[in-house]
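Below, subunit A partners subunit B and then partners subunit C, in two separate complexes.
Right, the complex of A and B next:
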């Protein structure tokens, strides 16, 4: 595990970019501090030997519950109006976003 | 008259409605008045009196024609992250503050189809991230309980399902849904003196529930008694083709399983849940619970769950990681709030919308989750946490394989805290979930039962944990404990309402 104190202003700015969350200059120092604190706290996991332990990604794995796939058929349709009903901006039955292609 | 009607249990109400000694509309009007009366508690994001009256009138028609549904006419509330068609569903976030779902969650649909009367949608921590409702965009809900020694100090109801528990404890709904990711049903139930059950992961459908951490989220119920919780859980549980993680496991009759007979049941008391420094209040209550179960014929055994102290660190890697992925959908394009001036590019639009739409705790968790999933850290954090999660689940598996039927622990390390002076350090706040997170990671069913009062006179719960899909047995032993404790809840006259 990496050194938790390695979280810096640059790390936070990089994460903000990855997470697509705008962050103001004044929010950076507390976030650095909190993330360092939390990452230090979770470093205790290092003391556990997991070299022969499988990862558990869902409890269903342990409970022996299978997750069968549904047959791939259409179960609804013709609900364009419903799908667009909450969109901030709509034109010609489509979502509108700022121009992405020159 | 009105007050006595509010204190009836769901089962009592059903019996009176069936005999037509009460009308569903009368019940509904009484509850609507109570919803209005407790507005200072900020338990609801949206009140739905018109829907409620319509539901109640429909129920009355069915009672009249002899075709009533199993929960017909019972006043109910949903945590505001169950998608309700045509009714605002915010997850207590600014970014969803205008979201009117065009569809219904499976759990709320099933309850609707069983006849419940919808009183409203309840307040919660934003995106269910918190233990207090303080992170809600709509401000905190207040606990209807106060300490007699400090009767004007408003307390949190717990969280994240705190509006749901405040509403039920204050008689504005007879029961309510909650969701539990790391303790969000059990902790607020404990703080508000209610029963709260989180069923097995996969027991009920997650379809239409605003997702926080998909490998942990599970819907459950809060009620004022174990039998009422059993009644509602019955009509929430079951496989749903729309949720591939919902299990194809039969749902037995929960009420029939409740006999109160626990003779010969082996109860495990995990020694790791009694760390040095555990509050004497909690310790005393736990010992009392142990003694009461023993008096009723249960066999008490000390057990060990050796990886317990790693559960919270594991949780605070996995839950934020899953959240950072789940919350990527809030981008200001297809639904939800978009900032007024989105900027010139699509990235600007995303960044401004998400920067202004999410609150501080949600951002903190998305940042943490993004970090532990980012290139170079995935194995060290995320994968490592999933491996330790396996060990935690194995701890429980071994104990139950050795013949232990149930595990008894405290629900929370303390009682409700002040709204004005909550813990400031995120980690201190996270410690609230220390006793509830391990069973969540293992996906096991667990219930909080009110067990007594702290020295300050505030309710505290005990938690019972069962093997997977053993909700029947869990409800039965919870009933035995409830019966033995004889906990006295609030009455409509003793609810705390802050002076305006």
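Right, the complex of A and C next:
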């Protein structure tokens, strides 16, 4: 989506849903404006011809260095207390969440 | 509508329909620790005991890639005749679910570690079909949800979260449930030979998402539905059959198939829509900023290629050529590498390398497999060693015992693990090949049954078996059957 004018109320509601952010009805119009502004700003990039430039996901890519690797040994785990420390509800050493069933 | 599972075409009300199937197989990488953390991958651990702060997505924790998982993916790629991408990249696949604490799965969308490959499947009629593979990429597994502990709550265990998976995507080259199952069995066999995935479907180490669409033969691909996470060969077959017929009904009623994710319900034998997933395809992939590209050394890949074990296709051809097995016998013996190894260990102990290998295969697939099955034992736990089974074959080959006596020796061998030769000696089971001894018994039997001899001579051929039985009985089954046959025929001619 690169067309700033394509941002509508529905776009904002969809993005809010995907991001699990609750927004009130009155927040929507300013958010539409804000997102249009962001997209307009990004659209400036379209003025540059990048047809012969490969995508760059990290500035280190040019160096052709690999990410570091670790050897396959068990070095972690058995920290149930820490893992569950932020859980709002716990039972049987598991996270408890509202029922999610397909 | 009726149709068998190995036919590609289904007769509908409006004519023939062709099934088109593509598979996404998730194979758990065999490794000690997870793809990006040092927590254990062991099956069935205590809840949340095999979770690191990385897996639980605590803020600031950084993933570090497991070198062995990379090696396993490359080996698998080589095993499916695929090109290895020396530069690959990890992406974030964003979705919201309770068993995915980070809100994204680290996967490889744009630059997978393994590119195009293929594997050949053997069809019912003996012909082969090549199934092309689009790609193989590495990704993380999610946690496990338990919905049956509480009426209104789900319980989450993150032990599986972050375990390395290989997703192996096929081209839509499969045309029926039978081919699909054959493809999966072949893939599973290759993974097990390579030891890159244990292929244990009960534990979820291998599961398949099945893309099914229908079309009129020769026309463009139809819209597909994706059946998620089917984890047994039988269910895969059933899910495909059900889904094909469901889509034909829709299409013939003038409707359109919705591109959606469906779930197979084994108890009802049907697929149903997973409605909660309507946003599921809006994954907003982007390169993971925490992970640099993965750059492989070409020489390292070549070293792995040279170190690959002999794979099922090559082993099958060699067994047929070297040991004169039938394709069926070869298929059975190579189905597990451990079986093939057992067989070849036995071959080393054979004295007669001409007829021995074939007879050893017959014995393995006969009394030996029957005994293993009866006691529910894996080949690794067999009380009978390959060398002892080969020794039994040697005793048959050099006429020490008959095949019939060998069956008795085998039972004792299974129970006592004593050497076949010593069993034969202890029990006095040596085969009698002394012509005069056999002739003496034949003479006695014919004298004792004179009336029957007359009946035989007047045309009652069936009595021959009776005489053989009598001679064998008198000799406690130890006479060489072929000699008894020949000598009896002669004696009855006189």
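Of note:
In the analysis below, the second predicted complex is superposed on the first by the 97 of 102 C-alpha atoms of A that agree within 3 Å, B and C clash if a C-alpha of one lies under 4 Å from a C-alpha of the other, contacts with A are read in each partner's own complex, and residues count from 1 in each chain.
Going forward, a residue touches a chain if its C-beta (ideal position, glycine included) is under 8 Å from a C-beta of that chain, and two chains touch if they have at least 3 such contacts.
Keep in mind that what you see is a predicted model, and the values were worked out from it rather than measured.
Looking at the shared chain after the overlay, A:60 reaches both subunit B and subunit C.
Contacts of A:101 after superposition: subunit C is touched, whereas subunit B is not reached. In the superposition on chain A, contact is made by A:23 with subunit B only, not with subunit C. Within the superposed three-chain model, A:70 lies in touch with subunit B and with subunit C [touch as defined at top]. In the superposition on chain A, A:13 contacts neither subunit B nor subunit C. In the superposed model, A:93 makes contact with subunit C only, not with subunit B. The partner of subunit A that touches more of its residues, comparing subunit B with subunit C, is B.
Once chain A of one complex is fitted onto chain A of the other, the partner contacts of A:82 extend to both subunit B and subunit C.
Subunit A residues in contact with subunit B (one complex) as well as with subunit C (other complex) are 14, 18, 20, 57-58, 60, 65, 67-70, 79, 82-83, 89, 95, 97-98, 100. The part of subunit C that touches subunit A in the complex is made up of residues 31-33, 37-40, 46-54, 56, 64-70, 87, 89, 94, 96-98, 145-147, 149-158, 263, 274-277, 279, 282, 284, 287, 289, 291-296.
Those residues of subunit A that touch subunit B in the shared complex are 1-2, 7, 11-12, 14-16, 18-23, 31, 34-35, 37-39, 41-42, 44-46, 48, 50, 53-60, 62-63, 65, 67-70, 79, 82-83, 85-89, 95, 97-98, 100.
For subunit A in complex with subunit C, the residues that touch the partner chain are 14, 17-18, 20, 57-58, 60-61, 64-80, 82-84, 89, 91-102. Put simply, subunit B touches subunit A in their complex at residues 98-100, 102-103, 200-202, 215, 241, 244-245, 247-249, 307, 309-310, 313-314, 316-317, 324, 328, 331-338, 342-352, 354-356, 358, 363-364, 366-368, 370-371, 374, 376-377, 380-381, 383-391, 393-394, 397, 425-427, 441-444, 468-469.
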